[in-house]
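Note that chain A is present in both complexes that follow, paired respectively with chain B and with chain C.
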Partner chain A sequence: MYFEKVKAEYVDGKRKLIPTGEPDVFYPADDVIIAIGQENRFEWIERDLGIEFDKWDMPVVSPETFASTAPKVFFGGDAALGPKNVITAVAQGHQAAISIDLYCNGLDISDRPAPDTKLFSTKMGIHEWAYDNDVTTDNRFIVPQADKKETLSNRLKEVELGFDLATAFKEAQRCLNCDVQTVFDEYKCIECDACMDICPTNCITFTTNEDDENSLRMKLLVPAINQEQELLVSDTLKTGKVMVKDEDVCLHCGLCAERCPTAAWDMKQFNYNTAKAGHLCYA
Partner chain B sequence: MQPTDVKNPEYYHKVVDCQYACPAHTPVPQYIRLISAGRYTEAYMINWESNVFPGVLGRTCDRPCEPACRRGRIEEEPVAICRLKRVAADFKDDITHLLPDIPKVKNGKKIALIGAGPASLSVARDLAPLGYELHIYDNQHKAGGMMRSQIPSFRLPAEVLDQEVNYVLDMGLITHFNTYVTSLKDVLSRNYDAVFIGTGAPRGKDLVLPGREEGKANIHIGIEWLASVAFDHTHNIGKRVIVLGGGNTAMDCCRTSRRLGGEDVKVQNKAS
Partner chain C sequence: MTYIKPKFAHPRLPENKLGYTRKEYEGSLSTLCAGCGHDSISAAIVDACFELNIEPHRVAKMSGIGCSSKTPAYFLSNSHGFNSVHGRMPSVTTGANLANRSMIYLGVSGDGDTASIGMGQFTHVIRRNVNMTYIVMNNGCYGLTKGQDSATADYGSISKSGHVNSFEGIDLCGMAIELGATFVAQSFSGDKAQLIPLIKAALSHSGFSLINVVSPCVTFNNNQGSTKSYDYVREHNEALSSIDFVPVREEILTEYDHTKLKVVEMHDGSLIKLNKLSPEWDPQDKLSIMTALHKSHERHEILTGLLYIDSESVELNELINTTNVPLNTLTEKELCPGSEILEQICSDLR
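Now for the complex of A and B:
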């Protein structure tokens, strides 16, 4: 096979491949496998059924309800919005199941059921929580693999062996328990700044408020530059200041709550379960 | 700034970066704590409710949760969320008694599911406990879709896939395997109350190049070739192999080639 030599250049942030002008390269091969992507197949769907197709010949599917433009026909997985992956197919299947159940019961499929949420304190004692709040410093553990000699000679032999239980425990301990939320109660706060002082990542600041989010972000003890992460902003406190917490690098270690003399901070577990068809719950 | 509205569940949801990033919003920290506590079956069931295929995904997920993991912002590497999911699957007890009861008396509604891959099986898992009569169609002799035909066994053993596919099939699904559906009109004429289309993206892209036709005996389409290996039709390949592409399928083709006789396997990709 001949290949043209190219180099990547970025024009207006778009990657372009420019031929280098060097002679084409020849690689001999006994077999060639083309793995450059995959496409849908809808020639079995007649075009007079009321199912609209777009200019790329993909069915028009709602990304919320997964309904097509025809009644009682739903799509999901790679067939719906193009090739993605297994977990996306599963997530879309859940949504389609909700729609099908609503539809079969004569209900409005655009009226989506809300997630089931719970928020409850993990406080067990003055300095004790129902989760391991100690932050480990272990680096990520490597999953062991079977011997290459064995795996290369038998295509059925699984390469990864999986964590053993001792390693699994240590890796699990690396989780920061981000679902245990730092919940702030401004009515209990006496503005002693103890939480601001003890926070190991300096993510809590008591300061005067700003109208503009970016100005507030920049005046925090450590400027909150990760725009993808939210700020937790309290109501105005007695001194006229607000408590601002940058969620970005909070370790969920609970030290703010342990240090707080008035229990204005609490570590509360937040459970969030997306709705399933018929509001069933298994776990 | 206005005070944060923490009554909106999406605020705290977003703080749980992994769960928020997961398309199925799997409650990740919850199951990881259960693994720490040695409660693998419960950790598995939390996963099973959200993502239906924890054993499969614990090996093969694209894991959007991991780049989102807060650990990755504190130090370099995120928590091995995906492989911890596999731990829950590997060390769970028999879970059959924890699966939902399937009503003997059906609710009178009949659903057709076209394609027996992860999307259709998820719909079936959610609807079967509600009493729906579910007819699932697939052109293969077994369910699983691309999880069976495209993911090689050295990444996902058939037993792991079979177990999780069977949890769903055993909910009383009516299977129509070895059946290629050629007309939706025909399906719709059979009085189903709803039809779900989960037929995936089964056509591998080809390249129009000089010599493509002359060399066709030794030029293969990635996903078709992987399926042919998975279904035991192809057992070997030449010593020198070129794989075009750089995605999951290309890597699986390359690794499979090495196992079927390929000694000099090159991956050619326009990404550097």
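Now for the complex of A and C:
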């Protein structure tokens, strides 16, 4: 199989493959499987409809409203902003649907409805949470595969067999519960240090605040060096100290909330529902 | 739905000189009430032992009965321990200390275990200057039996049920100094910056060291009107000095300003540095601290910090000249040295 040599160049942040002009390269192979990609082609759209196209021959689409330059035409998925994954395509579809709905109701399409968010306590009783707070030390489980002899001879045979029930359960237990947030109420805190003492990863520190965030980061029980992860810093407490939590190492195990005598800590689940067309918030 | 401490630790947890992290000094998960001051003291003990580079197997945790005496299960799980009869921890520790003086004895007791049922034991362990650290987790009530006033509850303190205490509370520190204790400190469970260096100094002291730690009982004695609640102690806490502990062999580079800083050299060469001294008090002067304690009592203040230290202290084993090696390592050769030695002893007595 011969391959043409190209090099990647970035023009306005977009990747472009340009032939280097060098001779083609030969790779010997037993078998060659051709995978065909997909691309956007819009030859079928007449260019006098009022839909503007850019230099890549892609429609000009707003990344917020997914409206084209023609007021009644909307795009979503690969056709809108280029190929991404299916989750993005669905989300864009929702946004386009909201725009269509607003447009049909005679409303401003740039006035977007907010997503529906909720934060609610998962406390159910002593040592009981509505989520599974156990932290497992298991490594990732390997998905078993069918025998190669079989999968290579029968192309309809699925390669990954999937987990059995027990392993699937264990794999699910590895969930980090990042939807469950540690929420701190300053006015309830009596500064008994119980949360600081119990935290298995020493991510909670009660200390005096600093003007400079970096010096505060270095003052924690274990310095918080991952600058990409913001610190949770409370308001000033009664004794003049603040509670600082390094979110970088939190296991969401809930022990801080468990050992808090005044429920100043609570494990709250964060729910996010994306806004959808026909939502009541603009009715 | 689990109540287990995860095995995960911070990936960058600092190590001490022995290569251990704090995890190696921790114990099992506390079963005390959430927010109990005793848990903070346990955490301070963990920090102190970690920072002092103590090998956990060299520590013996001694306790009696009570909420406080349960805590040895929640720190230093790699150490030895003895949970003795109510109030009898001092005599068990005295025995253990005489049998093996190479161990570090850490006694943990409460206000009931010390000031009520164990008062006799407490006075005698001080009198004998047993080489141990005696931590009193003092919450002024019997938390294990629903919060009745204890012997250290202050006069006029109001219990959770509204009852006003009509008896004077026992001042353990004043009493210990009177009885000749060689290291006496008072602290508050909510002030680790003070408590940790105090525990480190106490563990390094040769002889009996007492730390009376006011440790609020969140369940039964953290109400308005209580003199052992978090709020009350924070408002009435009067620190005599800020304290730094410099372990032996650590190089000292700076010169001190002796007008502002008092440095007490300990038996093993460690230093206790006391900053921002209260002017009318000297930690090596018994009279000054007794006066300060009485004055603070009148002013309804809780004096905290290192109250008194006698750095010339001679502990029990030195005093009665016992053998340096643990008794269980003595063989027949040492115990029965033969008729020649016996003859020599007898001739000395003639």
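Everything that follows uses one rule, which is that the second predicted complex is superposed on the first by the 233 of 283 C-alpha atoms of A that agree within 3 Å, B and C clash if a C-alpha of one lies under 4 Å from a C-alpha of the other, contacts with A are read in each partner's own complex, and residues count from 1 in each chain.
One rule holds for everything that comes next: a residue touches a chain if its C-beta (ideal position, glycine included) is under 8 Å from a C-beta of that chain, and two chains touch if they have at least 3 such contacts.
Fair warning: this is a prediction, and the values are worked out from it, not measured in the lab.
Placing chain B and chain C on a common chain A by superposition gives a fit, with no clash between them.
Look at A:K188: by the touch rule set out above, it reaches neither chain B nor chain C.
Of the two partner chains, neither chain B nor chain C is touched by A:K5. In the superposed model, A:K238 lies in contact with chain C only, and not with chain B. Of the two partner chains, neither chain B nor chain C is touched by A:K16.
With both structures placed on the common chain, the touch criterion links A:R47 to neither chain B nor chain C.
By the touch criterion defined above, A:L255 lies against chain C but remains apart from chain B after alignment on the C-alpha atoms of chain A.
After overlaying the two complexes on the shared chain, residue contacts for A:D132 are found with chain B and with chain C alike. When the two complexes are superposed, the chain touching more residues of chain A, out of chain B and chain C, is B.
Taking every C-alpha of chain B against every C-alpha of chain C after the fit on chain A, the minimum distance is 8 Å.
132, 201, 249, 251 are the residues of chain A that lie in the contact sets of both chain B and chain C, per the superposition on chain A.
Those residues of chain A that touch chain B in the complex are listed here as 1, 3, 6, 8, 17, 27-42, 44-46, 49, 51, 59, 68, 72-80, 82-83, 85-94, 96-98, 100-101, 103-104, 114-115, 117, 119, 131-132, 139-141, 143, 151-160, 162-163, 165, 168-169, 171-181, 183, 201, 209-213, 216, 226, 230-235, 242, 247-251, 270-274, 276-278, 280-283.
Chain A contributes residues 127-129, 132-135, 137, 190-194, 196-198, 200-203, 222-223, 225, 238-239, 249, 251, 253, 255, 258-262 to its touches with chain C in the complex.
Here chain C touches chain A in the complex through residues 1-14, 22, 29-30, 33-37, 39-40, 42-43, 189-190, 192, 216, 218, 222, 230-231, 234, going by the rule given at the top.
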